[in-house]
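Shared between the two complexes below is subunit A, which pairs with subunit B and subunit C, respectively.
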Partner chain A sequence: MSITLRLAWRNLWRQPRRTWLTAGAMVFSNVLLIFLIALQLGTYQAMIDNTLGAFSGHLQVQRSGYKENQRIRQVVPRIRDVAEELRSGLGLNSVAARGEAFALASSASRTYGIRIIGVEPEFEPRASRIPSLVNAGRFLDDPVAPEIVVGEILALNLKAQVGDELTILGSARDGSFAAAVVNIVGVFDSGLDELDRSLAQMPLEFFQETFAMNGAGHAVVINAPGLFEVESVAEKANSLLPRGQNLVVHDWNDLQPGLRQAIQADLIGSWFMYGILVILVMFSVLNTQLMSVLERTKEFGIVLSLGLSSGRLGRLVLLETVLIGLIGLALGVALGGIATSWFETHGFTYPGMEEMAQQFNVPDRFYPDLNAISLFAGPVVVFAGSVLAAIYPMARLHWLRPVQAMRSA
Partner chain B sequence: MIATSGIVFRLAWRNLWRNYRRTAIILAAIAAGIWAMIFMIAFTRGMIESMVSDGIRSIPGHVQIHHPDFRNDPTVDNLMSRPGGELAASLDGKDVAAWSSRVRVPAVISSERGSRGVTLVGIDPVAETSISFVADDVVEGRHLEDDRDRGLVLGRRLLERLESDVGKRVVVMTQGADNDIVDRGFRVVGVYESEIASTEEAFAFAGRATLQELLGIGDRVSEIAVLGTDRREAEQLYLRLADTAGADVEVLPWYELNSYLGATMRTMDGFVIVWIVVIFLALSFGFVNTLVMAVFERVREIGLMMALGMKPRTIVAQIVAESILLLAIGLAAGNVLAWATIYSLSDGIDFSFVGEGLEIMGAASVLKPSLGIGDVLLSTAIVLGLGFLASLSPAIRASRYQPVEALTKE
Partner chain C sequence: MNSVRCADLRKTYKQGDQDVIGLDGVSLEVEQEGFVCLRSPSGAGKTTLLNAMGGLDRPDSGEVYVAGKRIDNLSKGKLAEMRLRNIGFVFQAYNLIPVLTAMENVEFVMHLQGVPAPERAKRAGEALNEVGLEGLENRRPAKMSGGQQQRVAVARAIVSRPAIVLADEPTANLDSSSARHLMALFARINETRGTTFVIATHDEMVMSYAKRLIRMRDGKIVEDQLQET
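Up next is the complex of A and B:
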């Protein structure tokens, strides 16, 4: 152990209370930062998965302009072939073609305006979660059958259940009247009110027939293996699209612009709070180190006059700060890690959480996501801030005149 | 006693400035902490305030009355009579600013280019004026003139989706009484805009009487929206109306009609206290440290004062006074800074680059901080209270020194 290091370590324990209080400020901030950042990561992940996974998927191929206007004639021609080419070209099974229309659905006693999605019964279960969320009856299994699955709230509103008939009325692609009688074969509960209230799915080929789609559809949904692969899959999908049909690939940010922005809006608020915590720790370190330098003025004067360089003294003070910082970092990471991992398994909730969770498509218990980023991001910034705060006390050493310093009280 | 407390404070004041650097640093820390504390609270309050007032305009009203089954099944099957008798009298109470009865049904609106599902609301435009957003926000064409108006007012986004325009005709299809599908052509007479863009797609407005006639439901209505004179008294208004409305209808206040909004509002008060305490705790380490050092370097002096007959209790009082002074100055500086920041941002901060995200939260994209005196008092009280507790330990330690030992300490 070098002599500077040994000196620095001993100096820390000349005032143990002060050292512990300074490290305590770091530990407090670190624990809080670890927990909050892990909580944010966990919540964002749940928000993204639930919002995208239920229905919209990571990517969608559409006719350019369909996203904005959603007109029934803005189609992807021969959509099942396009989906098939994407499936083989991308090597992904999680690709499914869809058609989409607004229509009136009437049961024996009720009529509602709904959004009807034509889906491929074979592939839809791999592209979205709705098929697996059917909690009464079954999902579609025949590509041409006059069958439909509806959201739970919609079924309730229509006073209809599995086995009942629905009459569908709407406008077809060519402007003609579209009508069909379908059997309800399943009811799904996605947990997202908006979908459960207004969405219904029928087999794509039957949809195409009903709405005079002539083999066309409106969107091919693509799910990448993970969020990080979305971009590369999008690029590849783009190169696989048939030319000259004005088709585009939208990523989830285009499809659900609110989602990323909600996360960004939340981040702005959090960064402000985290910044303040770090600044308060920096003040604490500045105060401690300045005091510790000032009270040693006489001592420093003596060693300076004995020929020690002020640069070396500066390194001593820096080393002291680094040591306190490391104590704060180690204890903070340990305590924060333990506390957060407890919540990671048990979840975390507070009064009012249920209503909020509903709004943001997350489960009503939060599960923080403890990983290298959530564990170290906060503590490392606190550590860096602490070392930065020691610059002013260090700089004062350069202005120290040995003789005056020795005379100081 | 008064003389002593005068001396205690004068000593405390002078002691503060003996080590002006240390005092300046800790004051800067306290001021920065308090600034962040007050600013963040004001900002969040402002955001939630705007969420709640926008929310109340789109509910609309502070209290609503429905058929008990209407909220689960919002159709023409669950209607009620327009208010009469006791309820009508209690709606004339002076805590009611305005009320309006509305018909509200799911419908499909079609133009020649497309169709969309909406909630069609039949209103009495005169009574509705101060209650919902539509009256102020008709940006093109005209607003409905009375409840017999045969026109339709649509949101900007819906009109774009339908590729229709003011003056053009659209067809409204919905379920009338006895589950008959009824349809009728309407002329679009006006376009409204809303701060929350999804509202523009979700709601279309027609005259109440016109809609009643189309649906064949006589004079019955779906909901009665009541706006009180003061949102904070919504609970009393709700209880009073629930009392007189009778058992065959359901009366609900805004915070239950939109439970997300209600929960946000309730959680807000908890957030304020948690945030104040977190900031204080983050500050407290540096703060206690300062006091410990201040006591430590004055051990001899404290011993001397005790040897001269100063009571331990006075020593405690002096250290505590020093810490309270420190906090009070920091609080004052932090509050002034926060007030100045809030004042300079009184036009609001433009967050439209994350506007669609804020919309999910139910907030508008320009947010104005709003500073409440209650929050300032609360934060001051919590900081001074906790600060007092935090200063007790160093103060009591100081008072326990034995004079002789303390005097001989190097």
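Up next is the complex of A and C:
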């Protein structure tokens, strides 16, 4: 071991309590940062999965312009074939074709405007969560039957329940009247009020017949295996689309523009908080290193007299901070990693969270997401900040003269 | 050639708005293999003079030469370099780095000089033997007596074979028998290695070892005489 390193290391343990306090502050903030950042990433993941998974999916293939102006004539022709080609081309089952229309739905006593989605009963359960959220009756199972599932609030508003009939009235693709009488076979509760209030699903083929779609639909929903794969799946899907029909692939950010903005706003708020934490650690390092430099002034006077350059002395002091920083980093990452990975499997909740969860459609348990970023981002910044904080005490040594140092009491 | 030569050194310190005289026109030549004692009442400028000779502090005016080279106008870094190569220091107290063992303390200066590790160990071992500390190589300063600590400081001062060792009241914190031992050691090194010593002291016993005794007062040399030992 080099003598400088030996010297720095032993100097740390001249005041073991102080060294541990400083390292402890680093460990504490590192554990906290790891946990909070992992929790944050995990929550975003859940927010995205929840919001997208309920209905809109990661990606949708649509006619260009349909997203901005949802007119029934902006179609994807032969939509079930397009979906089938995407399924086999992407090697993914989580691909489902849909048609969408606005219509009036009348029960025995009420009438409401609703958004009707024609879905493939076989594939829709793999592409979105609504089929699994049916809590009364069942989901659609027959591709051509005159059946419908409706959101819970809509059912309440219509004063209708499973087994009742609804009359659907709207305008078809060709401008003619679209009318049908359908049976309510299920009621779903997605937790998203917007969907529960206005959404209804019927079999795609029956939808196409009712709205004179002539085999066309409006969107093919694609769910990638995970968020990180969305981009590559989108590229591949793009290459698989039939040419010349003006089709585009929208990603989730196009489909739910508010989501990314909400996440970004939340990120800014938390960076601010993390910044304060790091600054507190920096001040604690600054304080201890300044103290430790001041109380060794006489000793430094001696080594400067011997011919140690002040630059080298400064590096020695910096090395001491680097060593404490490394202790803080190693212990912080270890403890933070262990604690966070426990919560990663068991989940994290606190009193009152369940109510909030219901209200805002977030899960009632948060699962931190421990990965290279959540594990190292905080500790590395704390380390860098600590070393930065030691620069001032180090710089002071530059102006220290041996004689004046030795004369200091 | 002289090992150290000073010409008309002057230094005033500012204490508040008062000027305090440190050195008031000191000229001095220290011969090679000399063994010089500086004596004076307290505050007459001994430490100031030693610091100027050793390049620890700059005089306001005058010139200092060490081994024939002018040093009073060197930059801070060059001065540090010069001290490292040419001068050994022994101070009154707190000479050693507390977290290093006797051996490591002695090796430290050689480390700064870039002496390779095996050579360092060998020379440090020899120097510690020379000052009579064999067996204590791995002790830390806190576990050594004041006399032993001063001996480590001497070993460190001589290990890189400097032309001159400057010692500022090296016995002030020692009991009389340790002090005697230390002076005998200085005298022997002066004898065997030809190292020049300049020692500031208030101690009559120390002065009795000097080949040359210089008396200072108010920043001036007032008496300079050779003496038989």
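The rule we apply is simple: the second predicted complex is superposed on the first by the 328 of 409 C-alpha atoms of A that agree within 3 Å, B and C clash if a C-alpha of one lies under 4 Å from a C-alpha of the other, contacts with A are read in each partner's own complex, and residues count from 1 in each chain.
Simple rule for what comes next: contacts are C-beta pairs under 8 Å (C-beta built on N, C-alpha and C of every residue); 3 or more make two chains touch, one makes a residue touch a chain.
A quick note: this is a predicted structure, and the numbers were derived from the prediction, not measured.
Enquirer: Mind working out whether A:14 is in touch with subunit B, subunit C, both or neither, as first, second, both or neither?
Expert: In the superposition, A:14 contacts subunit C only.
Enquirer: Tell me which of subunit B and subunit C touches more residues of subunit A.
Expert: B
Enquirer: So, A:406: does it touch subunit B (first), subunit C (second), both, or neither?
Expert: So A:406 only meets subunit C here.
Enquirer: Using the superposition on chain A described above, determine whether A:306 touches subunit B (first), subunit C (second), both, or neither.
Expert: Touch partner of A:306: subunit C, not subunit B.
Enquirer: Classify the contacts of A:288 with the two partner chains as first (subunit B alone), second (subunit C alone), both, or neither.
Expert: first
Enquirer: Please work out whether A:262 is in contact with subunit B alone, subunit C alone, both, or neither, and reply first, second, both or neither.
Expert: first
Enquirer: Look at A:44 in the shared chain and tell me whether it touches subunit B only, subunit C only, both, or neither; answer first, second, both or neither.
Expert: neither
Enquirer: Check whether A:6 is in contact with subunit B, with subunit C, with both or with neither, and answer first, second, both or neither.
Expert: After superposition on chain A, A:6 lies in contact with subunit C alone.
Enquirer: Okay, in this complex, where on subunit C does subunit A touch?
Expert: For this pair, the touching residues of subunit C are 51, 54, 56-57, 76-77, 80-85, 89, 91, 94-100, 104, 107-109, 111-112, 156.
Enquirer: Okay, in this complex, where on subunit A does subunit C touch?
Expert: 3, 6-7, 10-11, 14, 298-299, 302-310, 312, 401-403, 406
Enquirer: For subunit B, which residues are in contact with subunit A within the complex?
Expert: 21-22, 25-26, 28-29, 32-33, 36, 40, 44, 72-75, 77, 106-108, 110, 112-118, 160-161, 163, 173-175, 179, 181, 259-260, 262-264, 266-267, 270, 275, 278-279, 281-283, 285-286, 288-290, 292-293, 296-297, 351, 353-362
Enquirer: Across the complex, what residues on subunit A touch subunit B?
Expert: 15, 17-18, 21-22, 24-25, 28-29, 32, 69-72, 102-104, 106, 108-115, 156-157, 159, 169-171, 175, 198, 257-266, 268-269, 272-273, 276-277, 279-281, 283-284, 286-288, 290-291, 294-295, 350-356, 358-360
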